[in-house]
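Below, subunit A partners subunit B and then partners subunit C, in two separate complexes.
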Partner chain A sequence: MDQRSSNLLDEALGLDCQTDRWALAGRVVAIEDSVETSGSFILHQLVKRALAPNSSTVVLFIAFAQPFSHYDRILRKLGCNLAAQRVNNRFFFFDKLTLQCPDVDERNSPVSGLVALYGEIQETIYGLPEVSRKNVTIIIDDLSIVEVAANGSSDYVLDFLHYCHTLTSEFDCTLITLNHEDIYSSTEKPAFLLQTEYLADILIKAEPLATGLATDVHGQLTVLNKGFNHGQMNSRNKIRNFHFRVKENMVEYFYPGSRN
Partner chain B sequence: MAESVCRTLRDGGLEGEHAPALTIKDSIASPFGFDVFCHVLTQLSSFILAGKSQSRGLVLVAFCRSPSFYADLLKSKGIDVNSSNKCRVRILDCYTDPLGWKFRLMGVGNLRDLSCEASSTGILCKDVKDTNKLYSSIIELGKGLVAEAKSRFSVAIDSVDQMLRHASMSSVAGLFSNLRSHGQVSNVFWLLHSDLHEVRVTASLEYMSSMVASVEPLQQLTNGQRDDSDKASLTEQNLKKGKFHVRFKRRNGRVRVMLEEFHIEQSGISFKSASSEEVTNQGLLPKVQFSLQLSEKEQIDRSNVVLPFEHQGNGKPIQIYDGRNSLMEGKHETTSVSAGNSETNEGSGGGEIIYYRDSDDEMPDSDEDPDDDLDI
Partner chain C sequence: MKKLELGFQWASSKPKLLLHRSSITTLRRYQLTAHGNCGKRKSAENWVRRSSRRNTNSSANSTRLNSELRSKQTCPKDYQTGVSLLFLLAAMAATKTRGSSFSRAVSAATPSLAPGLKCGPNGTVFLSSGIPDLDKILGGGFTLGSLVMVMEDSEAPHHMLLLRNFMSQGLIHNQPLLYASPSKDPKGFLGTLPSPASSKDDKPRDRDTDQEKGLRIAWQYKKYFGENNPNFTGHRDDKHEYCNDFDLRKPLERQFLIRQHVDCVSLQDSMNLSVLLDHCGTFLSQFPRNDNNSSITTAGRIAIQSFCAPDCGYSNMEWHMLSFIRSLKSVMRSSNAVAVLTFPPSLLSPSFCKRWQHMADTLLSVKAIPDEDRELAQLLTGYQDMVGLLNVHKIARINTQAPMILEATTFSIKLQKRRYLVLECLNQAPIDGSSGASYGTSGSCSASSKTGRLDF
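So, the complex of A and B:
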């Protein structure tokens, strides 16, 4: 099977167009998943897509959830060598598994915590050659652990996200975040989750099937494309819903009921 | 009606009164507050540019979008922010570096230059936590815009949410009321995502504004709708159009509420008045599957029905039985029942009512309680 061919997810994100420009440039993508249905495979797919040989995108991967070897193994199965891309300066890995922000008033203290992390990201982008500076994708895996690292201060995380957002307008970066929807389900007004949804141009939700478990369907994706992007108005306010099945070295996407 | 909002902002405030203020609020179910904000912004700036409005310039406090975004937006509507001779819009950049992180990183040597894209059109604010400084920057920018001391200017704030994240409710409220009561401020408008805050925060901001424009979904998603395709189509519908509620508060305390419909189109947002029928239907009647209202024919038919207690006036003397006259009148009756006195009515030839009196000594319609002597 030709793995290069576009699938439903690529179509929903506008990645199927044959243009030189990375279709997600300057946009914010928020992925929300739940315990029953993990959304991390979407991150892997997007990393693979971004590092494809025909694109020139540089990926900045800020890992709070898993070590490098984890992603390396998965992406290798998908046909993408992260270690080699790291050497090529196409893949930058920020290992933040043990990041703990100091619990002091950060205004007077030396640069630390998320401010320092932002500094690192910015430094990396400034260090890139002029050409690839316009094609940067920042991926954060995942926001709930960033919140833990920030001692539960969601405002601090939102400030950090705001600064990452300034990079999207300054360099046309793509910002992709993963968060878990159900950990906020008991709160009446999940302000943090809502804030990230307001910030996002594209919202991808991975949910289990409403009808229960199935062997050949692993869940459903809802892609909401509400981008306020002056260039690409055509895909504005489109909502797509389809099922998926995660396989060892690929993911199948299909419309409900379209498989026999 | 969106027009009348813009008109009210254009006309500004009277001498010695608070400047009119507009709150635009939305929620995640219909997140188009920003589109409304942009609509009002472009309308107002074109009024200002044409010299039609009370205010002579506009100060935009940018929290959630970059100054270049707004410059592009206004340019696409034919308003050039960067042209120095006719510049009527200034931007206070609270987006690029709201907390001074970039500035601090620059101090450590991590950063080469702080791109100051705002420099030509406005100034950069590096500490949004200080509302006093924010206030003085806004006023300073505004005074720079309008040369004469008497001229007024407008203030637009694109995200109250971010202000509230960095500063307390009371200081933000103080900033707003200071702005409204400043002699040179013609009008103020701001955007708020209402579901991010407690009700009291939204309410207190609404108290401070003379107009509240709220963007609402056409149909609320309910938890009962488990069917995913149903939910998806409803969500998609809510992403195309919605309800636009405006509440005007007059000086004398009169409140007027208006409803309009908005559509999200390729080129932006457009407003359409909702028909009055729709308004009343939406307002008064719950959504049910069967018709609760009568058609015209049904209404005429109903008015023709003669109710039993109405005198029918068909020529005969009207007889109302009082229980006494029955014996005397019984002679005229053709039918009589021998076992007792009877009263029949054969006027209409249909049914008849036969009444038997138990005995003659019983006083008709006695006031006494017949069960008086009962001993239970």
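So, the complex of A and C:
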């Protein structure tokens, strides 16, 4: 337990507090990465934390990027058996690798795919027992592919996100999304990215090191925690910046230069 | 632009090993022939001369060696120790290069694989890219089920080099191939595929191992080979079946094209990408993947050239292309095949280009280098032999979260003897007027030369 709470990312997210409640409940986390540095490892960490034996969180994983076997293998190395959690009804995997919303020019209902997906999510949550309904985490990997699936109509994707957002207030769900920042960096008004950033309570950015690639530092994380203003948490830093190194079975976090 | 002659019109010349390897071999061979017997020294010298004539590119090394030899001829004893020292140095250098070249540990419990496939970490299976050096860089090759994207240089056909070798390697291994290109007659491209270097051309390499076995003098250095040799020969044997050296000047024999199932699709015909996707789908249905680690009998290869070329009907439908790539990627994931897709990034808008890059599992880019760039020529060694640069942006991370960090991401593409495609780390040239020690220091400057070759 102690060893886990020394993790800088957990600290920044407020996960190190020894409370029964899942610290991210009711919050929206947006993760942004780039081609050079993938941020998907943060998703894996969060899944692992959410499915930890002492918590009762239920994870709804909406996968657009990778098949189940990929996540299963990774999480197994992190010490978390997704297949078993699936049987326990704590992990729900939505394989949306091939989900393709109908063409916009077909005009019948371009969003039907995403509406159906939302319906599926809602149904799953309603199907949960009363106790675990309070601790649901929805993870979307990743939003840029949802846009592709919706054939570029990012407004529909935003609608979908807003709907998912309502779940955070209704059920105190956690919504975690991954997106790629560099896709939008060249556009003048990256409405989609700005909207998701606006929705987010916590923004995590994974960036490559400015000084180039290194074997012992894989990149840096910037965590912006907007919602830390209530009560005793005021003393915490709002923006944290630290380096990370991704390994097979863990991720090392450390402050720049503090590594020996 | 540096001229890239891919035809078969070059004058014939003998193949050559990697420069550093060849210089080491020269030393070794020299050592062997010079063994104890002064009478044999002459022949050794002749050998070196001959080889220097043959290897025009490495003639500098050999000539240096020659002069070394001439100066030592007066005192054979000194000369012998000198050579032994050199030899020791070479052996040590060899150890170093071997040690730094990346080779994955292969788990013992492996499913039975068809030839041309290799087990990788995390339950992945590799397939050769057709370029031995690229396989080494990527840690074994292309992962089955992955989508490899190559960003083209819009003004040079370097991506064709990668595609040709990739396709040829598949045909050699009896792997079905689907080739799509924007040209009117994609079948014609098959005629330009390179053939693997024949065993006769490979002789220099083979002889090299033979002589190592019969090492008589300097037996005390054998221990250096003890750690090297298994790795070395094992790798070589492996290479013979897993990855061939392709002779770019020799066209692939017809029998490979005939006995194979080669599908050619012209991207010009298909206004709609769904047709192409269906085609890929039916092609890939031959290689379904079942996760319970049963044997893989065959793997498929898909090569798509210049996907967003303007002469394709769909080239202005950016979202359609993107969803095609996404669908292709998802069908790839569930089949035992590798798709290589090249595209000119300059034809895409920057944000779409990034989207494409995110789609790729393995992302490479090729770039031509200017013909007469004097500044660059001064900066890099072996500039004359380079035809372009290869950049590794992303390496497939299937079933793992840990990224593979390379020592260097930029490699020079060289055509060795104008026949063999070779990738090398960039090496900074020694600065004019500085002492010989600068060879050593140049390595640390470029921070990429650990796997680089050895300059004498």
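Operating definition for what follows: the second predicted complex is superposed on the first by the 237 of 260 C-alpha atoms of A that agree within 3 Å, B and C clash if a C-alpha of one lies under 4 Å from a C-alpha of the other, contacts with A are read in each partner's own complex, and residues count from 1 in each chain.
In this section, a residue touches a chain if its C-beta (ideal position, glycine included) is under 8 Å from a C-beta of that chain, and two chains touch if they have at least 3 such contacts.
Because the structure is a prediction, the values reported are computed rather than measured.
With the two structures aligned on subunit A, subunit B fits next to subunit C without clashing. Looking at the shared chain after the overlay, A:V115 reaches subunit B, while subunit C stays out of its contact range.
Looking at the shared chain after the overlay, A:Y163 reaches subunit B, while subunit C stays out of its contact range. Once the two complexes are overlaid on the shared chain, A:V87 sits clear of subunit B and of subunit C alike. Of the two partner chains placed around the shared chain by superposition, subunit C is the only one that A:T98 touches, whereas subunit B remains out of contact. Of the two partner chains placed by superposition, only subunit C is touched by A:H44; subunit B is not. Of the two partner chains, subunit C is the only one touched by A:I183; subunit B is not. Once chain A of one complex is fitted onto chain A of the other, the partner contacts of A:I74 are limited to subunit C, with no touch recorded for subunit B. In the superposed three-chain arrangement, the CA centre of subunit A forms the vertex of an angle with the CA centres of subunit B and subunit C, and that angle is 110 degrees when rounded to a multiple of 10. Fitting both structures onto chain A leaves subunit B and subunit C with a minimum C-alpha separation of 17 Å. No residue of subunit A touches both subunit B in one complex and subunit C in the other.
Within the complex, the subunit B residues that touch subunit A are 28, 31, 34-35, 65-66, 68-69, 72-73, 76, 95-99, 101-102, 104-105, 108, 110-112, 115, 161-162, 165, 193, 195-198, 226-229, 232, 235-236, 239-240, 264, 266-267.
Those residues of subunit A whose C-beta lies close enough to touch subunit C in the complex are 35-38, 40-41, 44, 66-67, 69-70, 73-74, 77, 97-98, 100, 144-145, 148-149, 151-152, 180, 182-187, 213-215, 218, 246-248.
Interface residues of subunit C, counted against subunit A in their complex, comprise 122-123, 291, 318-320, 322-323, 326-327, 330-331, 333-334, 349-351, 354-355, 357-358, 363, 393-394, 397-403, 405-407, 409.
On the subunit A side of its complex with subunit B, the touching residues are 110-111, 115, 118-119, 122-123, 126, 155, 158-159, 162-163, 166, 169-170, 189, 191, 194-195, 197-198, 210, 220, 222, 224, 226, 228, 230, 233-234, 236-239, 241, 256.
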